[in-house]
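The next block holds one structure in the form of structure tokens; read it before the comments.
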């Protein structure tokens, strides 16, 4: 059939491999969910069997466990410790080079041949996260060139959630669980196959190449049912009413002291968060010092060094760092980028080694105005 | 006289691993040797020159009365004194003796303890003389060592990141062993430098780079306890390679005192309820 | 004389002599500081009375580190991490002896794949440790340089080759162990995470290049000028029917002794001597010293070297049993070649062990093991208590076993060179000691040569 | 196609130009002015900067730092001009710079940030308040005011420093005064020969006799505490916070709003600042460790 944006097609269960093959054939590096070291991470996928077939995860604050499902779903889980940020905004990238010559220093950028990624299995909250990063890293005047180019080339095959983890709160953030925009294709997994929604011309072109039939009404209904299950399972809430002012009016709330007693300032929450974007540049030179690379690495408002100035730290204690993180994420992000910095994926809750839950922190501040 | 800065390497109680790192610079070793004049490095050369030295790298901990004299002399002889490794910066694994009866220790190891002259303690170099820079690790990291030497050669104070192991771990994309496997890990309170090796090998960090800049040890202990680790084992986790660093020492001692108190309470509780049946000994473990 | 004087001596020999006349016998003391280019620091004490050799002692002024005591009460899983810290040059050896002894105690069989991966890791350490000694520490003795950094000015290619040989070994150590010094990947039962097959294969080109360099370097080393100095040795090493000795086998001596590690302590006794904090070993049955290390292994197991190493041994005309300690550098070089070859062989047939470590249930038990550290047989024995903590540990490193042998060599060496001046004499003694690649770090602190010359 | 497009995607914001150190003027102890010229004549000719903006100066292998431009931008044609940076030795990068000689090449990118709002102040009295090296960031503004002297009312500089010896640009004060700027100085610690005031900057402000609160604007640069007290002083004299501009400082890695280092509440100081009308940032400056 002639697929156009917004049409819904059908991909039989084992045809997924054809999609994967086609993407590789078109020189995409296909990245998708795989099991590694006891978690579902994002890595190269060449074969549909490498996906976490029949696995799911149990998540709660400071706890993540893989568990078996009783069916053969490939996408029967939510989000793991990785996010696509790892690929679009790599944790380590060379942003410039300097070489000492007879005329003194020669400076050059280090243009990368941006890889063309095809992301397989992007969730609704992750689509939202990518949209947030578009705003934080691409601007009219200055953009992150690495992000921008990788992003431009990336193809996105989203997957609708059919279940929710106890840490998910996308419904509070209006980011999910349904994939509504920002994808080239969006799948909903059923036992015998996938309904495929087309989100872009690029997506349409791919389904055309695969010659997918359109999805029948029954499959569509079943897909609706599956997606509704995800909505029903979401328990966690973050009350976002006037959240910007709530936080900014409570910068001296005693709750910051309490959370500082527990927070390790270990940076885990910011590393797993799909929207956090702080980075630092490190000079890496050979011993002679004649050749230098400027390496940009992920950094975090929880690292002390980030606020180093004039011999001391502006945010010298854990309290001020946690406050910086939460107020930036949930409040000042609105001032800067006209959006929340949080998409409700819940990663920071699961992967905080001491189980600090931002929704509880906000609720505590809301409950007890000073 | 040569104009290249002079380098001297000294060893105290240690395993040699950190100075070996210098010899393991491989590609950079000869380059380094051309920029520095190696004036004293027993492991590498028989040519031994008297001080003063521009840069002294000191490995090992102070554990005999003679060590104290030696380190003072080295301090007098050296412009920059850089300590390398957990032994030199925190007393090393051998600082475990600081909690033990060293007489008994001697008997455990040596058949004839009377021959051995030893301090009851193993302590960091900085406990005895002023140290210009401490490079952490058991062993130290090659790149960091190069960085330190490079900075000194350029006349700058070395600057080594002092965040937690977690930051490196997540940059690498390693799955958190604590959250995903329930494996106790000191990464959240340990100084960076190893590029988060242990979690990348599916095991918890045992703190060989010592405490990070502002470790929240109490919170980590609480979490480990919540995860089911008995307090006595947490104490031992802190009393490892960097046992005698002030931070790990403090938290280990605090927890130990706490569990001593609760054992005490348990015992008196037990006495009170001596008539009670069926109480399992499990809680004491 | 103050042995603490760190910075005074520019040469290895002390400039001052001391003449004492006591009861008609003249004792002349000459102090030589700093025996160098050995791992760790210690000293050598030579006393001459009325022109004749009176006593030779290898002095090891170690700051004791009490590893056996520290291990008591620690969970047994920590043992390989703790014992590694005994020595930064050969941590894998300590880890290997630890895990083998503990697994024997617990009745754990790690299985074939893990066994091979351990051998691979051990090969990497042999390369690293041997190449360090051959190229950076020992070769300068034969070519007249105070050290390899100085040697590199005249012989840059040879030194670079040595560094390259070592580098591939270090790369292998890092790949399997996580890092070259104090690897973090060795566990009781196996490895925390076993490297993938492809990851290991990526090293093959470097290892092949390393092998070629190691073969060249062995030819070069074999061409050194070796002093004529033949000794009789009772050599001891592990012997395995099919493989070059490493982790398994019986302990066999050249005089026919053959025992298991459980019998070790009844045959090899450790005694502490007054001048040293390290222990010395002799055989209780013969009362004699014995020799460990590369020469012992080559003498005993030359036919189990890998083919290229075996051919190379023939090509360079190595006579075995070899009784010249100066030729230990040749044995060491051949073992580098062997280790490279065996590494390539293991990688070629490698399958990632799954799981990477076998489960075990800690219980009260005891066990011992001997493995072949680069410097020779390394003995560990443990008693585990019910809770899985270490109740008792006994560790006997190769250098302390070789120590008495070194002294014996010196005793037969010295009479021939007493005519030499102190400087030269000290240098000669130091060179002989260096042949053994003594790893004083395993136990020690500060090495210096002191000569007491009578009349 | 989902990806947003932007005209600037291709440009690498990290890429610096090279500039040669033409001259180095030692100012006071630990402070020197580096007169830079781009090595590429085209870049040199096209470069434009306004008073209050800063550049990122890059010493390869050491690091990159934010430094305000302190040139007299009125003086000469851009082609001949040098871009001047007055720098206090503080640590790594500034230390490396202090070891450099004229002729050496460093990296420079910019200009970045907001400017002192001089055009909007025509007809007003302008009070410049500086502490320590902060005067460097006001120097360009000062010369611009003097060049257009007739457009402004009273021009006053209140400048405080640790000691008389560390007062910057001492050789220029006479000329400034001649051109119609009243210069008041104060030092924390007097040394021999100092006849002027001793104390802190706000004290000088309190002592200003001719402050017309309704028609004055204050431009202020110096340590945050000093600025805080300076504002309190003028507010006490009847000025409003929206008559005050301050220049703020934070660690900066990218200078273009991408790295997250310089955040102060909602502000990216590199992009939204460094020069702020005080009322915009007042509430954030009051919060400790924000």
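In order of appearance the chains are A, B, C and D, and numbering begins at 1 in each one.
What we mean here is this: contacts are C-beta pairs under 8 Å (C-beta built on N, C-alpha and C of every residue); 3 or more make two chains touch, one makes a residue touch a chain.
All of these numbers come straight from a predicted model, not from anything done at the bench.
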Identity of the chain that, by mean CA position, is farthest from subunit D: C
More contacts between chains, A-B or B-D: A-B
Inter-centroid spacing, subunit C versus subunit A (mean Cα positions, whole Å): 52
Subunit B-subunit D separation of Cα centroids, rounded to whole Å: 45
CA centroid of subunit A to CA centroid of subunit B, Å: 37
Averaged-CA centre spacing for the pair subunit C and subunit B, given as whole angstrom: 25
Sites on subunit C at which at least two other chains make contact: none
Multi-chain contact residues (two or more partners), subunit B: 154, 202
Sites on subunit A at which at least two other chains make contact: 285, 289, 299, 317
Chain-chain contacts as defined at top: A-B, A-D, B-C, B-D
Subunit D residues within the subunit A interface of the complex: 1-18, 20, 39, 58, 60-64, 90-91, 104-107, 249-251, 253-254, 256-261, 263, 265-266, 268, 287-290
Subunit D - residues contacting subunit B, complex: 61-62, 91-92, 95-96, 99
Partner subunit C, residues of subunit B touching it in the complex: 10-21, 23-24, 26-27, 29-30, 33, 38, 40-51, 60-61, 63-64, 66-67, 69-70, 73-74, 77, 92-94, 96-97, 100, 102, 104-106, 108-112, 115-116, 118, 122, 138-139, 194, 197-198, 200-203, 206, 208, 233, 236, 240-241, 285
Touching residues on subunit C, where the partner in the complex is subunit B: 4, 6-12, 33-34, 36-41, 62-70, 72, 74-75, 78, 81-82, 85-89, 91, 132, 136-137, 140, 146-150, 152, 156, 159-160, 163-164, 166-167, 170, 178-182, 184-185, 187, 191-193, 270-272, 274, 276-277, 279, 356, 387, 430, 441, 445-447
Sites on subunit B touched by subunit A in the complex: 28, 31-32, 35, 146, 149-150, 154, 161-164, 166-167, 170-182, 185, 187-189, 202, 213-216, 218-220, 222-223
